[in-house]
Structures are given as C-alpha cells and as structure tokens.
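Chain IDs A, B, C and D follow the sequence of writing; residue 1 opens each chain.
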Amino acid sequence: MKKLINDPSQVVGEALEGMALAHPGLIRVHRTPDFIMRADGPVRGKVALVSGGGSGHEPMHGGFVGRGMLDAACPGAIFTSPTPDQMLEATKAVDGGVGVLHIVKNYTGDVLNFEMAADLAKEEQINVKAVVTDDDVAVQDSLYTAGRRGVGGTVLAEKICGAAAETGADLDAVTQLCRDVNASVRSMGIALSACTVPHAGKPSFSLGEDEIEFGIGIHGEPGRNRMKHERADQLTEMLMEPIMRDLPFKRGDHALLFVNGMGGTPLIELYVVFRKAASIAAQHGITISRSLVGSYITSLEMAGTSISLLRLDDRMVRYWDAPVVTPALRWGA
Amino acid sequence: MEALDVGILTEWLTRAAQRFGAEQAHLCDLDAAIGDGDHGANLARGFAAVATKMAGAETASGLFKMVGMTLIGTVGGASGPLYGTLFIEMGKEAANHATLDQSAWAQVLAAGLAGVMARGKARPGDKTMIDALAPAVKAMTGAADLSTALASAAAAARLGAAETIPLIAHKGRASYLGDRAVGHQDPGATSLAMLLAVLAELVG
Amino acid sequence: MKKLINDPSQVVGEALEGMALAHPGLIRVHRTPDFIMRADGPVRGKVALVSGGGSGHEPMHGGFVGRGMLDAACPGAIFTSPTPDQMLEATKAVDGGVGVLHIVKNYTGDVLNFEMAADLAKEEQINVKAVVTDDDVAVQDSLYTAGRRGVGGTVLAEKICGAAAETGADLDAVTQLCRDVNASVRSMGIALSACTVPHAGKPSFSLGEDEIEFGIGIHGEPGRNRMKHERADQLTEMLMEPIMRDLPFKRGDHALLFVNGMGGTPLIELYVVFRKAASIAAQHGITISRSLVGSYITSLEMAGTSISLLRLDDRMVRYWDAPVVTPALRWGA
Amino acid sequence: MEALDVGILTEWLTRAAQRFGAEQAHLCDLDAAIGDGDHGANLARGFAAVATKMAGAETASGLFKMVGMTLIGTVGGASGPLYGTLFIEMGKEAANHATLDQSAWAQVLAAGLAGVMARGKARPGDKTMIDALAPAVKAMTGAADLSTALASAAAAARLGAAETIPLIAHKGRASYLGDRAVGHQDPGATSLAMLLAVLAELVG
C-alpha cells in the first residue's frame, strides 16, 4: 500500500488539520469530537444543515461546508459512520435557533448514529429533523434489505437545501425540499478497480484485467454483480437504463446530470461518459439544463464512475444556481 | 463461581479488548467479504477506549453504561450504536439486581438483546449479530450453574455465528449483496460470539 | 487496461464533446482543428489568453477557459502538444483586437508548436506575445537540458493573468505579470504509480511495492530518481526543500500554497500533504495567505502529488481573488 | 536510377507510412523509456495523414511542402514541428533543382538538416534525430551513384541512431532524465533512420 499518509489512524485528523489551514476563511475545524463548521457559523435565524459519514469520500461532506451549503459535517473514520457525540456537538455549534436538518445517507450505521444524536439534541431543546437519502438504484428497495443507499444525490440535496436555508426557508420547508430532491434523483455506479482502506492495507476486493463491478456503493464494497469490462458508451447505457426506468421521465422534463468520479478516474473519462449520458437523455426528450462533472463523492482511489440524474423543477434550478462558497463547490459569490 | 462481580466483569472486558485487538484483521476480512472491511478496526478501536476507562467502576450497572457510552462514542458504523445499546441496556437491567447470579445474568443478557433488536430492527435469520446473541440468551436458561450457563451461551453464539454462513442478509451492508452474501460468516455475529467466549473462558 | 473510453483515438474528441454539453454557458468547443474558447469570446478590447498542451492533464487547460482566466485552450493528443493550426485558429477566434498572450509550458514540443503558431498569427497582423513557464525545480536548468518544465505554476499564472486581462491590463502588462508569476513560483512532484496512456495500453513505467518516482513531470515519464516510499511528512519535506532553496523566501513573505493531485490520489491525502507543507512554510516565517488543493494539473490516473509555492505580491493577491468562471475554477461570480 | 522523381518520392512516403504504422509500438516503447511514450503514435498518425493526401502532387517541392504542412498539422509534440520543418526545407531546396540527382538530393537533405537544427537548436551528440540525420547527409557525398549514396545515408543514419545509446540527452524530454537516459536509443533518431532506410530499400 502506497499512500500519502503518515499513520492510518491519523489520516482523518491530519487531513482535517490540513483543511483548516487551507480554507481558514470558509471553515473552522473542531477536534474531539471531530467536525467541520462554516467559519461564520452559527448563523442566527437560519436553519442549519448538518451531514456526515465515513471519511474517504472527499470532498463530501467536509468540502461542502460553507455559505449556501452545509453548516457542519461530521467525518467518521475511513468508511465508518461518525459517532453521535460528533453529530450532537456539531448540531449544537451551528444551531441558529430555528432548527437543524440532518441529511443522512441511508446506511445502517449513519442512520443509527444520527438517530441517537437527534434524540440527544432534542433533549437539549434543539429542533432537529432528519432526511435519509436513498438514491442508489443498484439496491433492491424492499423489506429484505437495509434499503437503497444514499449516494450522489446527497451532494445535490445538500447544495439545493443549503441554498434554500440560506435564503430564509424554515425547517419544515427545507426538510420537505430535501425529501423532494431525494425523491427526484436516482444514481448508479460502477468500479473499475477496488480501493485500499489505510488500516486494512490491501484492496477491498480484486478484479480481473477485464472485469468490473456493477452497481457499487461508495465504501469499497463489491457491487450488485461482476461483469466484463465494456466500452464507455455501453457502460453508460447500462448505468442510465435503471436510472431512467426507476424515475420515469417524460419528454420535456429538465434534469441535472451529475457524472461523478470515484476518485481514481481521470476527468477526461468522466467527460466521455457525460457525452453519452447526455445523448441518451436527449433521445428521451430530456433536456440536461444543469450539470456537474468531477470527483465529488468518492471511494478513496477507486477507479469508476457514478451517474446521478435529478429531475428539476424551477425551485431546484433556482437553488442550484444560488451562490455557494465551500472548499469544493463554489460559484455566484 | 456463583455470581459475576464488577471485578470479574472488568477483567472480562479487558480481555475482550485484547481479543478484539488480536482478531482485528480476521474480523475486517470477514467484513471485507460482505461489507466494507472495517468491523475489526471499529471494535478494536472501541474496546481499546473502553479498556482505558474501566478503573474505578463500582457497580456492574455503572460499568456497563460507561462501556455502552464509550462504544457509542468511539466505534461508529452500525456496530457502534448496536454494541453500545447492548451494554447500556445490560447496564439498566443490571441495576435491578443486587448480585449477578445465573438468573440475573440471563435477564441482563436478554435485556441487551431486546435493546439491540429495538435499535436495529433485525430479527433472527437476518444475518446479523442477533444470530449469535439470541441463541446465547436462550442457552442461558436451564443450565446447571453459572459457569455452565456461560459456556452454553458461548457455544450457542459460536454455532449461531457459523449458521449465518448460508444466509442471505436482510440488514446492514451485507443486504446490498443479495445472493453474493451466501457462503460468508457475518462479522458482527462472529465478534459477538467472541465476546461471550471470552467471558466463558474467564469464568469456566 | 480498463478505462472509461470507447476508442483510444477518439478519447480527446469525445471528451471535448462532453465538455461542450456539460458547460454550454461557459465554453464553446471547436472541432478540426480542436480548441475550446469562452462562450462569450472574442471579447473586444480585452487581451486574450491562449494556452494548450497535450491532453491527459485535465482540468488543465480546457477546464480553465472562461471569464477571468483563459480565452482559449488547445488540447493535443494525450500527452502530445497540439499543433500550430489549432493554436492559430484559437488565436484568431479569441483575438479582441488588442493582442493575444500565449502561455506555453516549457516542453520542446509545446514551445516549437506555439512558436510556429505565433509566426503564422503575426503574418495575419495579430499582436502575439508568448511566455514560457518553467517552474519545475526537479530539472536542472542548464545549457545541457531543455530547461525546466512548466508544471503547477502554469495554473496559477493563467488565473492571475486572466484576471489582469479581464480588468483591462494591456498586452505588455499581462505579459510582464505572467513572467513575474513564473519567476515567483517553484514546483516539485512525485509519483506513487505510473499512468497508462490509452493508445499505449500499458503503464508508462513500473514501480515496486514500496518505490516512488521523485521529481516527475506531468507526462507519465520517469522522474529524477527512484526512491523508497516514505511517510507523507517526509515526502513533503523532500518536496519542499528544493522549492524553498530555489526561490529564497524571507520571513514575513506571503505565499500561495498549491497542493496538486496527479489524478489518482484521493483528496484526503492531499490535505495531509498540505498540513505538513504549510507547517514547513510557517517554520520559515512564511504566511500561507492563499491556497489551492485538488487535482488541477494531472497525469491521467497517476497517483502522486506536486507542490507549488508562489511568493505573492499585493497585485497577485488581488488578481487571484478576482472573479473566475470556468468549468474547473470558479469563484467571485 | 539517376534521379528521384515525384512518383518514386510518393512511393517512398507511402511505404514510410506503412513502416511507421508497423513500428508504432516499437517507437513508443523507445520513447517510454526516456520520454513520454508517444513518438510512434505521433509519427504513425502524421504519416497516415500524409498518405491520404499525396495523390496529385506534381513536383517534389510541392509534395514535400505538403508533407511538411501535414506533419505540422497532425503530429504534434516535438517531432511534429521538427519533421515538418525537415520536409518544408527539403521542399524549398528541391524547388532549386530541375532533377533530383545524387548531388541535388544531397543538397535537399542538407537543407532539411539545417532547418531542423535551426528550429530545434540541437547539435550532433545531443541525442536527437540530428544524430541520425547529420551523418546521413555527410554520407551522401562521395558515393558512386544515387542508389549507393542512399544506401550509405541509410547505413550512416542507422549507425548514428545506435550511437545515441550511450549518450546523455541535452534536448527534448530525455534531457530531464540526466544519467537515466544512458543505455537507451533515441526514438527520433531511430525513426529518422527508418525513414531513410525505406528510401534506400525502394531505390536500391
């Protein structure tokens, strides 16, 4: 294992210190318990957004803390959900008096830890609501699974809801908007290689020279099935098919197309995927009126991509375009 | 031995911490096959924290609540809240008993099981730690004495963990894999069986 | 070789089409010859900036086209400098009547092709100047080499000079500023793995399990020497040492610290490197008052990092902070 | 054969395109060792484009200028402007000669060499294509007839390319490597020798 780290047990903490040094105007880092909050928080009278999850998905979530997006993010160990004390302290630190929304990706660990934190925060008279994102169509959503995972759609929800909160929406409205975004977005991912968790020291699975994992999550775990590697256009068709089927689009719909890199895939390849995904959308009469291309929700150095497609309404477009000032997403200000 | 006192329980958890340290890679490997490969690291980190905090616990109840809170604050993942809840609920039940004899311990363990099920919504057969814990609770009743009961519980947990191998998972990350989880032993059930084995070895 | 591509010979063109679809408001893509120009160009009365180079370094340069940075970028084949016809057409397309600056990374191919293009553009009465960037301290700058390579400092020069041009500086001033930035920045890089050029189909070199290449460029080539892999802090010291020595800083100086990923290194590791590099700077009494962290000048999926340190003057700070609206760098607007 | 006409020159470049297609991987490998691994792909791409454009060339001069412009517009990298300049300068010189006999061809090649040296500023011994081209130009003079001269030029170029092996590079990417370039043959010198070999084979 060759990584730019000092000690597997110190990676998360040292990266947090690096972030604090790199972005002093945007964020503040709190240690023990670990969380990142916006530099100018808490913002009185504004609904606060708190998210979090295992580390190793950078820039998510810490890179999305700042004006117009998250108020705080709680990083766990690599691929391990953070603990309730982090979430509780973050929630208290950013509470502006009008409620806090927890945006939680649907993984048992994240859900249970955020639940405990919300209970504790409520005991301290903070009005906490939670939305669990579950946009990954790779997983059968049934009584017999932990339910669909929260993946790329979470980034879009955080941006859009962050803008709503920034412009004065109340807790109920931001919560409902977050549910709406989650209900309007679907995602699907593939891995061309595994990643290596520092404390494990070896790849999380191994793939043959022309094998890929189809239907992966973001924790280096195997996917829905293993298959032969294909050309980018064919893989993109396979990714788009369940997305389009699961969230029926009608001709004339507008959508945001998010082509995400898993960490080890060069940007040039993501644009090759974007090209095909956009053309598939166009064939269905869907207008891609907004886009995001880059490695925003990653699995360390895994090679691969995920596609998220969000059906847009005017409100979402307005909030998407609104200013955002975070380490990883920044525009309009 | 007639009952478990706070000294022996402290020793149990000290040895459990050692055991999880030693078994960290093994538990991570089990988790890598059907999860995200961190279960061993999570428990090793959590129990190492527990080990530094136990000195001075005066009651089993107080000890267990501290253990539960520490695990919740250090483990993370799915197993943090679940193992944490296990000990917190055990602690609550332990407060109702002056001595932790065989029958009291059966009730303590049963309370832990109920807490974990309430928190995680898993049932037996879902391929989780419940598949080790539930048979262990059952095996506590009807044994001749405390040490036999603990040995039966540990054996039942070990067997329950092994019996997760052919199962499809319905909870946790392994549930994403569908059929692909078949043929692998659940890491959480395995660690739970280890925890009970350490106690049986200590008392037996 | 597993890549998200269709055909090695089509990657660059298909990625360009993807970029055009993803960023219609920011850029326009011209094919045959290939170049990317800002959507609202040419801007009358504004000095235009044109850069270019081989592909495979994305987001550089195409991702830096837009308001406040480049007017056009010419992508060559992967790791191969573009051709003079591309540069000539791009130059003509963005010329706003007051001159065009070519920003050229110092590689024989880039320099020769841009030279030819400048000659051709001058024949068409366009006032063209060129600045060759050469910030890479890994290379001995002497009569016996092609001179130092242009690497990370180029990104900083493009941002700063783009802002100067946007706010009305004339060609001489922008050219001088570009020389000043180049003179004030030094860079050094390492590779933890090689990359695979699509048409080659195999890694450009092979490294043992605990070997790294020290002093690499950005074209997948071997570096100055091969050495044992070390902890991030030690590697960072080794990268910073020649930078600090080559561009003597004095206590009280302000600097911009740019920690760049080579493509396959996760962001979390770049922050670990940033932490140490910032602390080394602090030990020397240098204030890191601006920063950039991310994969901005890459070598496909190579794992590794480069550090660039730019000594700032007030003018550079002002231009760095000025608005920029490109696919890859965006703030202030 | 007394002189090279446009037909034979067209055939030369057609075969050169085939040769660079066949040798693409070999030239890329040479470049991977001390450069960025694209030299074979660059030349294959450029000469393939040349091959599609040659029909209808009426003079050697016109042909060479077209070849030069096409290479400049399709090869990229260092070799694009250098190979392009080679042919453009050869074309300029060819315009001064009614027939391309042995002495005229020697001047044409010398003009090409001068052009490449002016553009790239490399000198013999810098471990570049000059190390194949310069000895070839020298070998043209004093040969008994055209085909012997072309054969000598090709042989000198091949030898010159081989003699780059022990050199440290002073130009191009290989110069970044210092000592590490020693022991590797320069890809540009190798391709230049191939180009001259194809002509010698055709005429010989």
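Everything that follows uses one rule, which is that a residue touches a chain if its C-beta (ideal position, glycine included) is under 8 Å from a C-beta of that chain, and two chains touch if they have at least 3 such contacts.
This structure is a prediction, so every number in the text was calculated from the model and none was measured.
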Checklist outcome for this item: Looking at Cα centroids only, farthest away from chain C lies chain B
Item to check | Where chain B and chain C are represented by their mean Cα positions, the distance between them in whole Å | outcome: 54
Checklist entry - If you average the CA atoms of chain C and of chain D, how many Å lie between those two points? => result 32
Checklist entry - So which stretches of chain D touch two or more other chains? => result none
Next on the checklist: Quick check: what residues of chain A touch more than one other chain, meaning two or more?
Outcome noted: none
Checklist entry - Based on which chains are in contact, what kind of graph results: line, ring, star, complete or other? => result line
Checklist outcome for this item: Chains touch in the following pairs A-B, A-C, C-D
Checklist outcome for this item: Note: in the complex, chain C contacts chain D through residues 33, 54, 76-85, 107-109, 112-113, 115-116, 138-140, 143-146, 149, 197, 199-200, 204-205, 217, 219-222, 224-225
Checklist outcome for this item: chain B residues touching chain A in their complex are 28, 32, 35-38, 41-42, 45, 72-82, 119-120, 168, 170-173, 175-178, 180
Next on the checklist: List the residues on chain A that touch chain C in their complex, please.
Outcome noted: 2-7, 11-12, 14-19, 21-23, 55-56, 58-59, 63, 192-193, 209-210, 212, 229, 231-233, 235, 257, 259, 263-275, 278, 288, 291, 293, 295, 298, 300-301, 303, 305, 325, 327, 330-333
